[in-house]
Each structure stands twice: as structure tokens, then as C-alpha cells.
Amino acid sequence: ADLESHFEATIARNDRIEPRDWMPDGYRRTLVRQIAQHAHSEIIGMQPEGNWISRAPSLRRKAILLAKVQDEAGHGLYLYSAAETLGVSRLELTEMLISGRQKYSSIFNYPTLSYADVGSIGWLVDGAAICNQVPLCRTSFGPYGRAMIRVCKEESFHQRQGYELLTTMMRGTDEQRAMVQESVDRFWWPALMMFGPPDADSPNTAQSMAWGIKRNTNDELRQKFVDMSVPQAEALGVTLPDPDLAWNDERAHYDFGQPDWDEFMQGVKGNGPCNAQRLAHRRRAHEDGAWVRAAATAFATKEATA
Amino acid sequence: ADLESHFEATIARNDRIEPRDWMPDGYRRTLVRQIAQHAHSEIIGMQPEGNWISRAPSLRRKAILLAKVQDEAGHGLYLYSAAETLGVSRLELTEMLISGRQKYSSIFNYPTLSYADVGSIGWLVDGAAICNQVPLCRTSFGPYGRAMIRVCKEESFHQRQGYELLTTMMRGTDEQRAMVQESVDRFWWPALMMFGPPDADSPNTAQSMAWGIKRNTNDELRQKFVDMSVPQAEALGVTLPDPDLAWNDERAHYDFGQPDWDEFMQGVKGNGPCNAQRLAHRRRAHEDGAWVRAAATAFATKEATA
Amino acid sequence: APTLAAYALMLGDDSLVMSHRIAEWTSNAPDLEDDIALSNIALDLLGQSRLLLARAAKADDSVVPALPEGSPAPPEDALAFFREAHEFRNVRFAEVVNGDFAEATVRVLLFSVWRLAVWERLRASTDHVLSAVAVKGVKELTYHRDYAARWFVTLAQGTEESRSRLLAALDELWPLWPELFDTHPVEAAAAASGVGVDPATVREAAEAVLDQVLTAADVPRPEVARRSGVLGRTGRDGMHGEALSRMLAEMQSVARAHPRGQW
Amino acid sequence: APTLAAYALMLGDDSLVMSHRIAEWTSNAPDLEDDIALSNIALDLLGQSRLLLARAAKADDSVVPALPEGSPAPPEDALAFFREAHEFRNVRFAEVVNGDFAEATVRVLLFSVWRLAVWERLRASTDHVLSAVAVKGVKELTYHRDYAARWFVTLAQGTEESRSRLLAALDELWPLWPELFDTHPVEAAAAASGVGVDPATVREAAEAVLDQVLTAADVPRPEVARRSGVLGRTGRDGMHGEALSRMLAEMQSVARAHPRGQW
């Protein structure tokens, strides 16, 4: 009870819980799930953009894209390390991912179909991720919060690069402008889904907020993202594919329509357009690497005993 | 001795030896080696042209190329069947191929580097093959001779198609004409090598001719090929890359230079530009198919005992 | 004529893309007989696609993309080599990246069972070209189906490994099976006007044929949900997977590098 | 300046093609650390190639291919995306299709040992750009070599499987090792004029470094003959293997589909 009240007090002061501190089992479990899901999202998220590295249309864009996908691997690495401070190994988490027992963000189950998607993912997907993640820099668990600070800094950079790619393409040919519009049409709704279901359908939010693992509700963050994105879309010269999108003077926010939550649920259940492909890719890479990891372990053992 | 004189008499009459007939061991061994090498050449020969099926620049050309490569598989099939009448199985021969104990024509160790190569292979490589093979239609071993009749008929068709592709490309753009010339430059010498080393360096020719397995010497066939190809090259509008090429009124044949026999020997020894790749491809396809062949065998056994 | 063109394009793209995938097996099959059989299937499908793409272009030449200046490419090649991925109207099933031989077996089986059910009816098309394509195609597809069904039963009943590979392949392709029977507005219009067939109307027939094969192989129907599209759109709407644009990058490379070439 | 341009193009193409192959490992490596390390190597090589291609174009703009009308592609992109395979001057070693992680290890090791030996001397180039590229490159390549050498020893001494895979990879790439030290006339001229290095002159040094790694790993030098070229010509002459044109078909697909695009 002493431990528990110390924990509660730390949370109440908005101070950080550190790995050596006592924490409730539910807190630990929720954190592991959330950090792992976040780490998995970074790793799976390498695929949709990685799909275009070999086809990047200029060497400058190739370098930018390769570096970005590399950063995602880095984010995965920090986040798995944060999770490891809670007593689970990266290998365990990876196995949870490839067996489908842990999730990753459904956005990565959408295919990338043109080079403009690299830009849209930077602008909209990273943009939505930042809205979700900036509050997590103040999350109550120390290693997670510190990882998020690094991640957010790099994500903002990626978002600007994505937006800049789209801006450049909009200055190009008619086909390129059409490509950008088509890409934005495809990614707008999935980006809105990244904030999770409407608050009314999100039963875990309250507990997560109480624990300081989550700082805002899904709908609050979604609104923030829409408000941020509309002027950016205007500056870019693209139309967002939502007929209900309109400034509401009274609320001082944009009103907007609802994404197709049925499609969202299909993605969550594993039936999205690329779920099977993403997991199969990850599983193959992991299995192909097994003999390498085994060799590294065997070598380390030999070295240690030599 | 009776058997042997009967065999000799059959050969002398230019009649055919059939699988049930007695034959000397050396004859059988030489035939198996020759037919197997020929079959392997058809199968390995699928790769250089197969390399361009997925990139054929028109649907008509794609259909022609796909059908041609399919015919090569068919030729392999007839020839393995002919070899099987001599008591070796296709599986044994395939294993001899992928372990490198039996050879195939070195020409297929050259890479195909542009679509014009599809044409050059048809014109020059199939052309040379026909020169080699037409006499084999009269070879002393029945199943081999009959297989060759079918093969030669189809090869002539392929040769015309290859030449027609080159003719069409020569009517196209400057780049296409350059592509044809570059391709002919690359395939001319290797095509001359297809007739084997000069007669002086070809110790087995005499015995093979005595047995009616071979009907002409290497140099005779090479001369025939050159005489046939020069006017075709002129009609096509390409230059053959041999400064020594000139009509010799006295001989009533073209004089021509010698290919680089050192490079030829490198190819024979396994060090040609694509030897490793061709064998690795065949080995992988064979190994990937092992479980399928095992399933077919298991199923046949079940059916037979049901 | 726009409906006819759009409809012929859908069928032509199915055949073209499927043909390309099957042709990738050439020189890679488990045995020579299968190499030849698969090349044959690819050739039949390629032949179908050429007739269908030409029909589409003839019915409405606005479907043919603008070619680079001076390009002599005939309409079938303009359609095959100068469209972008999102302009292709094939079902997503056709474009999936190849797997092992079990996958090829299931792919050919499902595709040809579906296609046969559609084309048996398409023989009665009021368009003489489509009806002629279907008459010839039914014979070809019957051979494809029988070839694949024979292997399906063999692999199911062969070894433990072959059975498990077969079941895995079936689970992998099954999520795209329902999409084959979706009715696109173009298909509905084509059916209404008598030139085409609404695939939804042949689902029962196709399922019945498939069930016969499953039963013969002692394989249960998979319990895998259908794969969703993107914003409700799938292959017939030009919404494809990541595989198609990669496939086209390769397929179109020579034609596009030499747009004024004669081939 | 034509010699400088041709020489810079050779080095730039090596880096570009090698970078592309290594980048194919992204999201496919055995562990995250290796994914990051390999991306890093690919990025370093890509950076080198951009400087070198730009240098080639500046030294002699006749090496830059004619672009489709209205294309705003800068010289580095014109060179990367609008040349055909036979116009590339990279060594064949760089273009080989990727294998397993052992192959990646051997590939990076041999390439960087060779390259380091050349670039250590190239730092003294009379061309300030090449010398600056080499100064930076030597640091990068040292990291690449050390990364690969560490894995080389680990795999050689790890498990039976890892050792046998490593030896197989070494046998596979070894036939292309001697070609790295062939002297092309352009290299001879570049060396004579002080802008470049004749690779033959660094062979001994490179072999000595490699021998150290082989010894540490207890791996014997392979006994595999060199791979011959075609009519005596190899990568530096624009004579490549089948892999390069396939790689370029993919790499150039978007740039060529939108020749007037802004990126």
C-alpha cells in the first residue's frame, strides 16, 4: 500500500515512473502493450515506404527516403529498448507481432501505390502520429517518455520532408498533381482513423489517462489534426475528400465527417488490404535471420569462454 | 562377334540402330553423353531468352518468345526421352547436369543484355544449332534421329522468327539499329564457337563419324554457317565483327577469322560470364520442385494400391 | 460502346496480368511437363488478352492512352505498355506475387473455375468478338482448370508437406475469391445490355464446381475472411495492391525506354 | 576533362549500383541493428555517387545523356535514371543479385577492402572534388569494412550453418574479385594524369588486408577462377551481367514514366 501510494503520488505530481520503481501490474501490462504496439508500428511502417526506395525518381529523394525508413528502424529500436526495461525481450515482442498476438497501427495495412504516397505518408500519417505522440513525451513512464522525445523530433522532420515532396510535385506536371490528389484522397480517411475509434467506443481511454499513459482522448486529437491539416491542404492546393469539412465559427474548429469505421475494423481484424503481406514480410525477414542470430549467439558464447 | 558385325553392317547401310538392338558400350556411352548434353542445352537455353519474357516490348513478341522458350522445354523433353531408351533416367541426367558432371552448350553462358539478343539468338544461335543438327536427323541411333527431325523443324521456325525480329528492329529507330548491331557483335563469335574446337583439336570426331553419330567435322559445319550467314547479315544491314571475313573465289567459300578459343575454354571450364548463374537457377528450380515430385509419386502409389 | 470498351478492358486486363504471372514460372517449374503446361496456360491467357484489348480499343478508342509522339505501338500495346497501374482494371487476384507450386495450383484453379463460369455465359454475348473469345476461351479454361484440379487433388493427397503447402496457399488466396464475384457498375451495365455477364450471377455455379474439387481432394472450405479494399474500392476500380506497379515497372521497361521503337 | 569525367563516372556508378543493392536489405535484415547499419552503408554510398556523378557531368557534360524534352532532371539524375545498362561503367561485382546475409557480409567486405585501398590513394588526387570525396569516403568505407569484417569473423566462427553459408558466399563472389584490380584504359589515363588511381597498383595492399580478415576468421582463400567477360569486356567497358538491366528497369521506372516531373 505504501508502494501503491508512492506510485499514485508520482503520477499525481506528473513525475516519471522509472523501471526500478514499483508499479501496478495493470500499468505495466498496459504500458508493455502500448509501447510494443508502437514499436511494431515503426517496424511494419518501414514496409509501405520501403516499397519505393528502389524506385525513388531522383537520387536526392532516394537518400531522403532511405534515411527516413532507417529512422523508423531506429524508433523501433528505442521503443523496444523502453519495453525491455519492463521485463520483456525484443525477441518475445517480435514473436508476439509475427504471430498476430500484438497489433500495430492499421494505417500500415494500406498499400503505397505511387511515389506521391511517400509524401502523403510523411504529411498526413506522420502528422497524425505526431499529434498522437507529442503528448506522450510527457507520459508517466520515464523510458517511454524519453524515447518519444527523440521520436517526435525526427517525425516532425519527416513530416516537413513529406510535405515538401508534395509541394514540389504540385509544381510539376498535371500528372503529378493528379497523383498527389489521388494519394491524399486515399490517405486522408485512414489518417483520421489513426486516432482510434470515437471516444464513446474507446473503453480503455479513461484508465490510460488516469495513469498518465495517455494525455488526450481520441476525438480531441483527431480534431487537432483536422484543424492543423486543413490550412496545409489549402496551401498545397489539394482538396480533402470530405464534403462535410467546414469551419465552424461557434466551435472555432473544423467540422468533419466520419471515416468508414467498418473498414477500420476489418483492418484491425486482419482483413485489410495489406495485413497478410505485412506480416508475411516481417515473418520471412525474421525467419531468414534466425541462423544469423544463432551464429552471433554461438560466437559470443565462444568468445566469453575463450 | 555376330552382334557386333550386325551392328557394323547396320551402320554401314546407314540404317538405324534401335534401343532393343545390341550396341557397343562405347557407342552407348557416347550417345548418352551427346544426347544428354543436347537435352541439357535446350533446358539451360531457356534461361537467356526467358530473361526477357517479362519485358517483351509488345504482346505479339511476348507470345512469340514465350512459345519459343516453351518449345525448348519440349525439345528437352524429346531428347531426355531418347536418352531414356538407352537406360538412363531423366532424373539421373538432371543430377549430372546440376552437379556439373555433364555439360551443355557454352553459348548459353553468355548473358542476354537487350531485347535484340532474342533476335540474335534466334538468327545466329539457332542458325548454328541447325547447321549442327540437320545432319543429326540422319544419325545412326533411331530415337535420337527422330527427335532431331522434330527439333530441327521447330528450330528453323525459331530462326526465321529471330531474323524477322532483327529485320523489324532495323526498320525502327537509330537506337534500335545500334542495339541490333551491338547484339550481333556480341553473339557472332560465340556462335562460331558452337561448332566446337578446330578439327585438329577435336580428338573424338573420327570415332563419332565412324559410328554415324556425327556426320560432319566441326570446321566443315562452321564454314557452312559462315557462308550462310554473310548474305543474311548483308540483307539485314549489319556488319559482322570480323575484319578477316572475305569471299575467297578460289575456295568458293568465305574466309574468316578465329574466335577467341581461350575464352571458349574458360566457358567450358565453368568460368564463363553466366555459368554459375545458369547452374544455380537450374539447381534451385530442381530443388524447389522436389516436394512436388515427391507428392506426385506418393499420390501415384496411393492410387495404384487403392 | 463505352460500356463494351470498359468491360472488354476488365476482362483483357485479367488475362494479361494473370498471363504475366504464370509466365514467370517458365524455366522454374518442378518438372518439364509442368513448365510446358504453365507456359501453355500463360500463352492462352495472353492470346485472350490481345483480342480483348483490341476489342476495347475498337469499341471506344478513348480508352487507349495517348502515346509518346511518333510511337507506332498498336492499340493492344498502347494499353498494355503505356498505362499506369491505377488504369488497369484487373481483379486483384490476378496480380498477387507468385508463391510456390501449390500457390500456382490454387491460383490457376480458382481463376479458371471463376472464369469458366463467367465465360460459359459470355458465349451468348451480343458482341460477336466477345462471344468468339468466350467460345475459344471456354475450351482453353477447361484445360487450365482440369490441369490445376488434378494437381490440387495430387498435392492434397500426396505427402504431409504437399498438403500443408496446399492448404496454406488456399488460405492465402481465398481472401481474394469473393471479390471475383463483386458486380462492378460496368459489369452490371454490360450484363444489362447483353454484351457481358454479371459475375454475381455465376457465383453459385462456380462454388459448386469448386466444391467438387475440394471434396475430391478432401480439403475443407477455408475459413478466411475476404480482403477489404481501399475506401471500398478494389481492382475493378483501378485500386490494386503494391505488386501491380512493380510488375508493370518490369513489364513496360523496354517498351517505354523505346517509345518510337518498331518491334 | 573527358578522362576525369569517364573516371568519375566509373567510381560513381560503382557506388550507385552497390548502394541500390545494399538498400534492398532495408526492412529485411536479421536484426534491427543490421537493418540500420546496412541502410547506413547504402546511404554513404549513395552520397558518394551523387558527388561523383555531378563531378563527371561538370568535367564533361557530353557524358550526360540527352533528356526527354522539358525534363528538369539535374545531371546526377540524368545519369542515374536515363542511361541504359550498357552505358553504366560499374564493376560487375556491384550489380550481382543479393543473396543471404552471408553474401551481404562478403559483398560489403570485399567491396570496401578494395575501395579503401583505392581511395586511400585517391585522397591525393589532383582533382579537388575527387580528393574531397575520397577523404570523406575513406572514413565511411573504414566503417563499412569493419562492420563486415566483424560479421565475417562471427559467421565463420559461429555455427556450422553460418560457416558453410559464409564459405559458399565467398566462393560465389570470389570470381569477380580479380576484375576489381583490372586496369581500364580510362583508369590508366586518370592515374597517369594524377586525378585517379590504377587499381592494379593497390592489389597487394588490398589482398594483405583481406588476408588479415581471412586469418582472423580461419577461412582459407577460395580456389575459384575469375569469371571471364564477354569478348574480353567487363563492367568497366559497359559489359554487364543480366542483373543490371533488371535492376535499372525497376530503379528508373518512375523517373522515366514522368520525364518532365519535378521531384
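In this document, chain identifiers A, B, C and D correspond to the written order of the chains, with residue numbering beginning at 1 in each.
We adopt the following convention: contacts are C-beta pairs under 8 Å (C-beta built on N, C-alpha and C of every residue); 3 or more make two chains touch, one makes a residue touch a chain.
What you see is a predicted model, and the numbers here were worked out from it, not measured in a lab.
On a Cα centroid basis, the chain most remote from chain D in this structure is C.
Centre to centre, using the average C-alpha position, chain A and chain D are separated by 35 Å.
Separating the CA-averaged centres of chain C and chain D is a span of 41 Å. In chain A, 55 are the positions where the chain touches two or more neighbouring chains simultaneously. Along chain D, residues 249-250, 253-254 each make contact with two or more other chains.
Shown here, the protein chains touch in an arrangement that is not a line, ring, star or fully connected set. The complete set of chain-chain contacts reads A-C, A-D, B-C, B-D, C-D. Listing the residues of chain D that touch chain B in their complex gives 85-86, 172, 175, 225-232, 239-242, 245, 249. Taken in their complex, chain D has these residues touching chain C: 84, 246, 248-250, 252-254, 256-257.
The touching residues of chain A, counted against chain D in their complex, run 43, 46-47, 50, 52-63, 66-67, 69-70, 73-74, 76-77, 80, 90, 115, 165, 168-169, 171-173, 175-176, 281, 285, 288-299, 302. Taken in their complex, chain C has these residues touching chain B: 16, 20, 23-24, 26-36, 39-40, 42-43, 46-47, 49-50, 53, 73-74, 76-77, 80-81, 100-101, 153-155, 157-159, 161-162, 165, 250-251, 253-255, 258, 260-263. Per the touch definition, chain B reaches chain D in the complex via residues 48, 51, 55, 110-114, 182, 185-186, 189, 260, 263, 266-267, 269-274, 276-277.
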